[in-house]
Amino acid sequence: MNILVRHPVVAGALAFVASASILVLANDVWLMRLTELLIWILFAASLNFLISFSGMVSFGHAAYFGLGCYGFALSAKAGVPIIVAVMIGPLVATFAAAIYGALCVRLNKIYFAMLTLACAEITYSVIHQWYDLTGGDTGLTQFAPPSLDLGARGFALLVLACCAGGLLVIRLVLNAPLGLVIRSVGENPGRAAALGFSQRQVQWVAFVIAGSLAGVAGTLYSAFQGNAFPDYAGMRFSLAPLVMVILGGLGSFFGPVIGAIVEKGLTGVLSHYVVFWELIMGVVVITVTVYSPHGFWGLIKRVINKGAPRG
Amino acid sequence: MKYRMYVATVAIGLSLVTGASFAADPILIGYVGDLSGACGPYNDGNLKATRIAVDEINASGGLLGRKVELKVRDSKTNPEEATKQARESIVVDKADILTGPCTSSVLLADAAVAQEHKKLLWNSIGTTHRANIDFGNRYVYQSVANSLMEGRALAEYAATQKSWKRIATIGLDYEWPRQTIEMFKQHLKELRPDVQFVNSVWPKLGESNFGSYIPVLLNDKPDVVFGVMFGSASSNFIRQGKTYGMFERTKVFTYASTYLLKALGNDIPEGVYGWTRSPFYGIKSPAMDSFVAKFKEAHKDFPDDESIAGYDSMMQMAGAIKLAKSLDPAKLVDALAAQEYVGLRGKVSVRKLDINAYAPTFIGVTKKTPAYSFPILTDLVRIDGERVMPSEVEVARMRALAK
Amino acid sequence: MLIMKDVWASYGHIEALHGINLEVHAGEVVCLIGRNGAGKTSTVRAIVQDEIRVMKGTVEFFGKSLVNLPRREVIRSGIGYVPEDRRVFASLTVAENLSVPRSYGTSRLFDLNEVYELFPKLKELRARVAGVLSGGEQQMLSIARSLLTNPQLLVLDEPHEGLAPVITQQVIAAVNRLKSKGVSMLISEQHVRLIRECADRVYVIDRGHTVFTGTVEELDANTEIARKYLMVTRDSITSERM
Amino acid sequence: MLFVQIVNGLMEGVMLFMVASGLTLIFGVSRIVNFAHGSFFMLGAFLTYQFAPHILPGTMLGFVLTVIMAGMLTAFVGACFEVIVLRRIYHAEELLQLIVTVGMVMIMRDVVRVVWGMNDLATAIPDAMSGAVNVDSYWFPIYNLGVMGIGLLVVVVLWAVVRFTRVGVLLRAATDDRGMVALLGINQAYIFTGVFASGSLLAGIAGGLAAPLGSINFLLDTTVITGAFLVVVIGGLGSLSGAFAAALAIGVLKAVGVLYFPRAAMVTAFVIMAIVLIVRSFKARG
């Protein structure tokens, strides 16, 4: 087991193969649930890249998710070939992240967070108010064939590929020289100058990467759901991945994967069988945060490490 | 009462054992409703009545020789949750037919799922016309008047009020008020060119403080303020309107569903013009009396409009299923259109073109009566769907526009 | 009164101290010298339990262990702390700054009047907001503020850092006055020249451990230590003086 | 009309400040972005609904007592939350603290739903404060004016406490540098608990005062928190006077905006927030 913790690439590859085989074997119900889960994993991972490795806590990550949704939905609706529309979604998100990011990275910590929140709320409001284009609160529906005409299984595999691809991109970036710079700036913003970079530039690059991955997740979500609503750029969609990142464990690469599984799993099960599911979720969130600041991934790691020789 | 609602939500496929034996699998109705969240109270009444309808249907032998079962899921008043729950309802629960949405966004999200999975969704609360008319979705039955019809019906009524010459409007800034006010204005200008629309204000969705809107509305000395909002926004508007002397200085014409009247009680002044969709107190028939009695017995409360519409449309659907002898959406739509249905709201026929019911709108004036603990709408005028349904030409035009 | 024995301490995963040995006796002024990054501030913080975590070794004050004690308890047990960057409450006036601390000592040596007597400038500035004071004035304020807790040991972390030479002289004067009142002090300092006049004993630390103990004279005599750990020679000490 | 709207805006602004003051107070001292602040507001409103019929109903005194009681109970809940949960993670990253308050939002919402249900509830304006002052043809509700008065009173009291008492000095000192407060031997725990309780008290009182103005329901938390955040951020996080100015400005802007930009209410406030932050970023660096 230890090897999995030490060599995330091995673990990741195994997880990928395992997930792919699960998706091939899964029935319709599980296919549906897993597809959604995979999209959330990608979304949470993109936020985790920002928080855990780049030292920026965004309260408005939904903006790029939502713009990914609308970029895709609107272009599909306008008659652009689906294959192109799928590209346009993330592009719109990337573009927005580039602009918002340039403004946000000028600020630190809580002020950064607040500006990302403002950006997301402005995005939400524009989507909500621009009826002629976006359909306002009634959103957009029926703009693309269900599951992009790939069938539920085909679409699920596409989502898995995107999710794994996204995680791989994050991994590669983190291990590349650029990633080292991003990480060291994340740990200590003052250090950028010492490395010969502008702190803002480094943070901006990280912001844009995270934004475009969120855009990919948004596009997939829009295609999966078959709709786009302003909510997708709203507060709830900014908080949900934050909760996942925390539940999974701050500072770890696989945290958001575990976090998304736990969050989606718990809410799914709880809200189905328990009356006060939100209360229980609240208690879980608080307990995990207080007693295991490194989240569920931290717990798993501790258990695995106990079983293996240290050194 | 809420607690019970929760229990009801959680209980899976709860319906009374009627003693009758059923041959095949039950017909499963997936109730994907906004049980928690902003629409909660409306869905609450709707679900209770739907349960009563299901019990009655089963007591009289079920449908197509099969028992009817209800399986409830909570869409939390979110479109994304609604999409997910509607899918699970069809795929996991194997629902044959869907119902329950309330807000426009949830309704549209559910409608798309229904179309994707080729199951019929019938809607008895939400009023957006987009699914049926704009998108031509053949899997959605709109059993209450849509916002276009409602807007026109209100204009028809307003046109008869000779003293209403200057009208100010207030609507929360989202789909339903936008459409309703737009239609109202358009239609009233046709009917009464002398009517002048003065100020219109658009508080954002979720606004709770109308203190800065009411004086602006009153500033142009309108004869009537036309307000389109629901739920807590409605009650806030009325309560705060009182403190600003709105009711002394102008007439108010607003959505006054039974739920709102019950919630406001004597906080709503007399003499407010209000409209509603299916008031239990405004329709006198033996069927209504027996339903109200049944509802009161079960829930110690009068049924809301959403309850009446829920029960009525469920019964209409049952009739259509019997007639079609099938659960196939296309056949059900044919049967709905062919059926001569007379229910709690009287005769409600269905147009096949857009699967819209010719549902009525009721308009009256609030008044305290000894019979109820809350004011009701009196001097009710019923405007039938036939008078205000968009013509086929209009439907074609709107469909072309939406493309 | 204060004894640190083989103290190892770290910030999170980064170890900063590996084997600090240090003693301060009553009435003594002890100086902690070392290059930038040698571990002076970490040592001081390991005493007041601020931000750093002692992993190994003992820190005792009058026989009582300070390790893992909440910061306020360390202060309450009789240690006054003047941090490196002074940390005055910028939006409070001088008088308000001085009203924050409570006296925990038994000696009651310092009250507001005493402090104003010691630093007359502060009395003049008492209605001024601390954030606008000069560095030297802030240093005075920071020292005055922690004197009001009536500590038995005053810990000053790089009190001269970033101050103009004229102000430095004032700080040294203040330290000498405190010394004459019998306050024990532990002062961390980069520049040997500055402590020359007040220090009874000197500790040189490098890379997180103690490398030399002795009086200033002994340090002066030990050119090897001076060259190796302080990067100064007698010449440069003299040249620094100008 | 403009004048009328300014007055209306001020009335709403004071109400906004009531909510935001607690949030900014808590943030200033403990650096916690308290998402649960709206929940405490909601709790205050529900408690007022609960107590109102039992404490001299209809009278001014009864209402004031009711609101104070609701506020105190809210403060107690806040204090418990601080002691049981928040205290354990002050040393942790700010993000964790924030998430904990999000958890609290979820808990409180369900608790409210269980205890009071989902329907809109209402409590009446005390008789003594119903009615309105008429100027020209405009009406100014006495209750709203009264709330503005109470709000201003709270502002003055808050200001005096912060400015002149030892508690206020400690509070401001902790806002500047909470670590240093501990390094002067002060027990921070009391300050934090006290501040959190006071913040919750303000939220509870604001909720109580707002209760008769509109329907009380389980969605109040989200309705309130956004506005409060706007005020706190625009006013400068942690600054009471800034929050006061921002609250009044937002209230007036919103009311006047109804006259000139009837549909832009939603986006304007956030645009202002963004501009304030961006301007700040230039000021901080240049």
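Labels A, B, C and D are assigned to the chains in the order they are written; within every chain, residues are numbered from 1.
The definition used in the following text is that a residue touches a chain if its C-beta (ideal position, glycine included) is under 8 Å from a C-beta of that chain, and two chains touch if they have at least 3 such contacts.
All values reported here derive from a predicted model rather than from experimental measurement.
Overall, the chain located most centrally, as judged by its C-alpha mean against the mean of all protein C-alpha atoms, is D.
Summarising the inter-chain layout, the chain whose CA centre lies farthest from the centre of subunit B is C. Between subunit B and subunit C the centroid-to-centroid distance comes to 75 Å (mean Cα coordinates, whole Å). Rounded to whole angstrom units, the spacing between the C-alpha centres of subunit C and subunit D is 43.
Remark: subunit A and subunit C have CA centroids separated by 48 Å (rounded to whole angstrom). Our note on geometry: subunit A versus subunit B, Cα centroid distance of 37 Å, whole angstroms. The set of subunit A residues touching two or more other chains comprises 128-129. Subunit D has residues 114, 222, 263, 266 in contact with two or more other chains.
Among the residues of subunit B, those in touch with two or more other chains are 3, 173.
Every pair of chains meeting the touch criterion is listed here: A-B, A-D, B-D, C-D.
Residues 166, 169-170, 172-173, 175-177, 179-188 of subunit D are the ones that touch subunit C when the two sit in their complex.
The touching residues of subunit C, counted against subunit D in their complex, run 48, 50-51, 70-72, 75-76, 81, 83, 87, 89-92, 96-97, 99-102, 104, 145-146, 149. Of all the residues in subunit D, the ones that touch subunit A in their complex are 31, 33, 85, 88-89, 92-96, 98-100, 102-107, 109-111, 114, 222, 226, 229, 233, 237, 263, 266-267, 270-271, 273-274, 277-278, 280-282, 284-285. Residue ranges of subunit A in contact with subunit D, taken from their complex: 51, 57, 103, 106-107, 109-111, 113-115, 117-119, 121-122, 125-126, 128-129, 235, 239, 242-243, 246, 250, 276-279, 281-286, 289-290, 293. Interface residues of subunit B facing subunit D in the complex, by the touch rule stated above, are 1-3, 5, 36-38, 40-41, 44, 173, 200-204, 206-209, 211-213, 215-216, 218-219, 221, 231-232, 235-236, 239-240, 243-245, 249, 263-264, 267.
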